[in-house]
């Protein structure tokens, strides 16, 4: 009896003490620190290298910070590096990339979201089959489709041109490129939107129908405002994908509308004597700036959007 | 005539044919149907057909040669090496992406500090193109300039780490970069899935005294099946298509040690100007995808049709 | 045509999902201003039927009339219905006002009229202070009021309720139930109400349709259903605790089971019957103590479990080897192990053919 | 698009022959230092001497990146107006499909057949008697480039042929110099193989195997010697971890490598680095063993358009490219030989003059590229790069596979 009462007096009382340096925490934060190192290393190397001069690169250690910081490589990558006979650097392609990016992102997301919505809420015979085919399409290497798509674009563009009596062509115009980005964005985006719309309660859709809203009414007034998180996810994925695209940008456009990645490829792949690693790294970072900024700024939304939508099979 | 009759007649006349019902919905699905049928099915058939022809620089549907391209394909050591590399890369990429992604997600799920920062750090490589990834890692793994050189300068003279220049392990060098780029997205997917799991599961496992790692592996993981499916689709589609990364890092070298099927296809089509052979190789790739995908698609979507 | 006097008529309705037949040749006529409850356990097809009436599901065969008009192929919004859902189904990004006026805007009503109707509904439901809020800022009860308001403003003849109170806690559910009843008494529209809760069904309904396996088992007033269940399923389904049932033989107008023998003189047979049958007696129809003296059969049972509910107390005992629930006054001081004198009469029991399970 | 339509209409009204400016889009993959300098000579001449405009469509990354783009654009009915392609069999199909502009009229008017030397280059542009491309330069792959610095470091004289080079290799290694620089791209290994074949196997064998596709010759003992020499050479390149040819060249320029087997276009890189032939580096055609060179080269094709304005401009560009001044300016920068024998190349350096002398003497080989399809070339490339990098493959195996490819070559 005496023991018990002593224990009652001296035993644990009040809030449990938390040890900041518990072995568990050391393991968790230790692991995460190592992981972060692995993920940051290449970025660090790229940044450090892009700020060094060539002699320093040749002698030095790639991990050491620059002894003499120079922004020359950045200037060169942006406005001086040559592609063939044009020596305007990446700047030449930047506005083209933006011009390609905006309609492509917009159209591809619009088509995929409407398709996902139709797949979930307006099923028709065989709709799941079409969806399965789309998913299958995610596995086809893009390059295999280049020629057939060229032919399809040529014929469709020509047909539209004939019908409308104009010079309209899809090949070599930005619209051909928009279509191509829409096609190749379809599988993953439709999967995302379909999964997201599945998680929207069916009753909401029914209520809207009773309220007299039709296909587009429900899409624009009910679904769209509810789906911001998943639109953010889709937007991030598409901005990244389309901005980084080289192949389609170069095949389905013309030199005057070549995106930035074409210049990047030219800078990185054409060696003027010695590989100018610093310029390459600066060019790479400059090209990656847009998607990187988007990730750093809206990364939180991205994760929230995925949590909201992509988790259901 | 009673109003009921009128009503009946009214609707009877308006009876919408099945095909015209929900016209807007059908109209909206046209792009999807077109893309699925014309592009993915149509182009696949086009590709398969041309794999039986002697198409060189241009598609030549009239030059039928039967299985010739396939015989040639399977006799080429480069194709066999490509397949082997894809199998190694695919296996490890899938396993490592999923397990690294899962472990990182579990660590971040432990309500740690700086979660946002760490998550951003792990995710940012996904924003970069493969060309960039390949280039950065090519450089870090370059024996004269990169890691090996640095470690040797520290005094460990015999340290050797040159995966990109050693034909035996070059594919693992590519794997390092591939994982670096892709595991962040997997981590985010899985983290999202983890957060979607009922908190009560955690309460239950705490009450029962199950260690956290066991809860993750035996309880949480099976509950996340749909997320894993999504993640696997995304990883696997990336694996099949791996091309840019190899080109940027090694161009298939040393020798032909790091060749992959997508690269084989592209180079046969555009370098060797042998479209037929390239199409045969891509048909083989499609076939292997189908073999994996069809049973899965059937299980995943086939059963839910009535839902 | 006889359809006209009915507010809603369902004729020979069939619904199949693939090979699965969910609704089977179903017929249902609902009177003007009637409050009809579709009651059944989950999976019986009650919500499905409601969705068919609403036009949210395409039917396989049959016809649906609303106000005498054939609406079988009409869009949901063209049918003159309002609908309230279990999960409220409020549009999350719209304010309460926006939610309530959405349907009217789709119908392109003049602004003034929309405002007038919304205000009126808000007044009726006492949600005026909430009009500018978003659904996320509302409690469950408030949300459901808004959902009802959204149906009200449509100014339609028929309201459809799909388990509207199931997501609410017990107290709110009881409150809102009363409000719904008052609402119906005030506006006198036809209401079709789906629920699995028999208390809701009994208290709200003018008539109840009990469904099972896509068929209506019985369509009658709550009293009728309670007192004269048309078959064994209904008898067992309605009442809590359920009716006590015994399987025995009927011969010479007497039901007998080992040790138990009841003369059926007071029972209102549809037709004379001899053979195996179920006898059912509700716990609350069992006479206790002194009252038992007047009953047709009497016996003593031992209280095995005593469940005091406050207002009354449930006692579990065994009769003829079967579990037997009886309801006694909450004031009675009965303990486990006590002997209780019970009795019941033929006029209080229900009898069902053991083969067809239909009421005798 | 609309602009072009309007232009056409205007032209039609203003009567034929009226000159108006057109933008000509020219695709090529000449993006390295010397190459870019050379191609800008074309652009400069075109912009200055005509009213038209050169729109540069450079795509780095050699033919593999550029070719799908070129073909897609042509197939898609939206072609560029001129494009680089290696002449010979690569473009055959495009010509056969009627997608390329027929240049026969200007070729005849300007007498290309008389000025192009060797005339075989024009033959490669000719199909069924019609001319479809403009050869712009002569490239010969069989050169050995040697760094004076490297041999100085090892205390050796600069070798005068391949065999001396092989003998000097151990000393170079001891001096910390990689004897032989070799880029990883497969065509570079194949090029080296061809060069060794000329040096070790001799002209006859080269022609027999590569031009006549004689599988027996490919299986002969002489060929085994070639393979053995090649197998020995692969040991000399250990430690040259570079991808691109000009990175390899750069190793020679900086004295980090003793030599490189590469085509005469390497010359452009030495020039950009301000190196002087004979002082800083030495070039040995035919690896110094067999002073003979193969004559391949680049050519420009002009995809057909239905716009007469463009067609006229295309022909102007074609005749400009083959004109004397432009040939000189271009080839001096490119480090290649001009395709006409009637130009003054006094400005040429040591190496170029060596090449010109061989050319004038008629010591030329047909180039393998002209005889094989790109497909066969690709197969040989694959074999060579695999053999070069995997020392576990024996000479016998490699030769057997080589014979198989030659036997089924097309």
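When the chains are written out, they are named A, B, C and D in that same order, and each has its own residue count from 1.
FYI, contacts are C-beta pairs under 8 Å (C-beta built on N, C-alpha and C of every residue); 3 or more make two chains touch, one makes a residue touch a chain.
Nothing here was measured: the structure is a model prediction, and the numbers come from that model.
Comparing the CA-atom centres of all chains against that of chain C, the greatest distance is found for D. The greatest number of inter-chain C-beta pairs in contact is found between A-B.
Distance between chain centres (mean CA atoms), chain A to chain D: 39 Å.
Each chain gets a centre from the mean of its Cα atoms; for chain A and chain B, those two points are 15 Å apart.
A separation of 53 Å divides the Cα centre of chain B from that of chain C.
Residue positions of chain D touching 2 or more other chains, listed in rising order: 68, 71, 75. The residues of chain A that reach two or more other chains are 143, 147, 265, 268, listed in rising order. Residues of chain C in contact with at least two other chains: none.
Note for the complex: chain A touches chain D at residues 82-86, 143, 146-147, 150-151, 153-154, 158, 167-169, 171-173, 250-252, 254-256, 262, 265-275.
Those residues of chain D that touch chain A in the shared complex are 1-2, 4-5, 25, 27-28, 30-33, 36, 39-40, 43, 54-61, 65, 68-69, 71-73, 75-78, 80, 244, 246-247, 250, 253, 269, 272-273.
Here chain A touches chain C in the complex through residues 201, 203-204, 206-213, 217, 221-222, 225-226, going by the rule given at the top. Those residues of chain C that touch chain A in the shared complex are 51, 54-56, 75-78, 81-83, 85-87, 89-93, 102-103, 106-107, 147, 150, 154, 162. Contacts from chain A toward chain B in the complex involve residues 28-29, 31-32, 35-36, 38-43, 45-46, 49, 57, 61-63, 111, 114-115, 117-119, 122, 124, 127-128, 130-145, 147-149, 152, 182-183, 186-188, 190-191, 195, 214-216, 240, 244, 246, 261, 264-265, 268, 277, 280-281, 284, 287-288, 291-292, 294-296, 299-300, 302-303, 306-308, 310-313.
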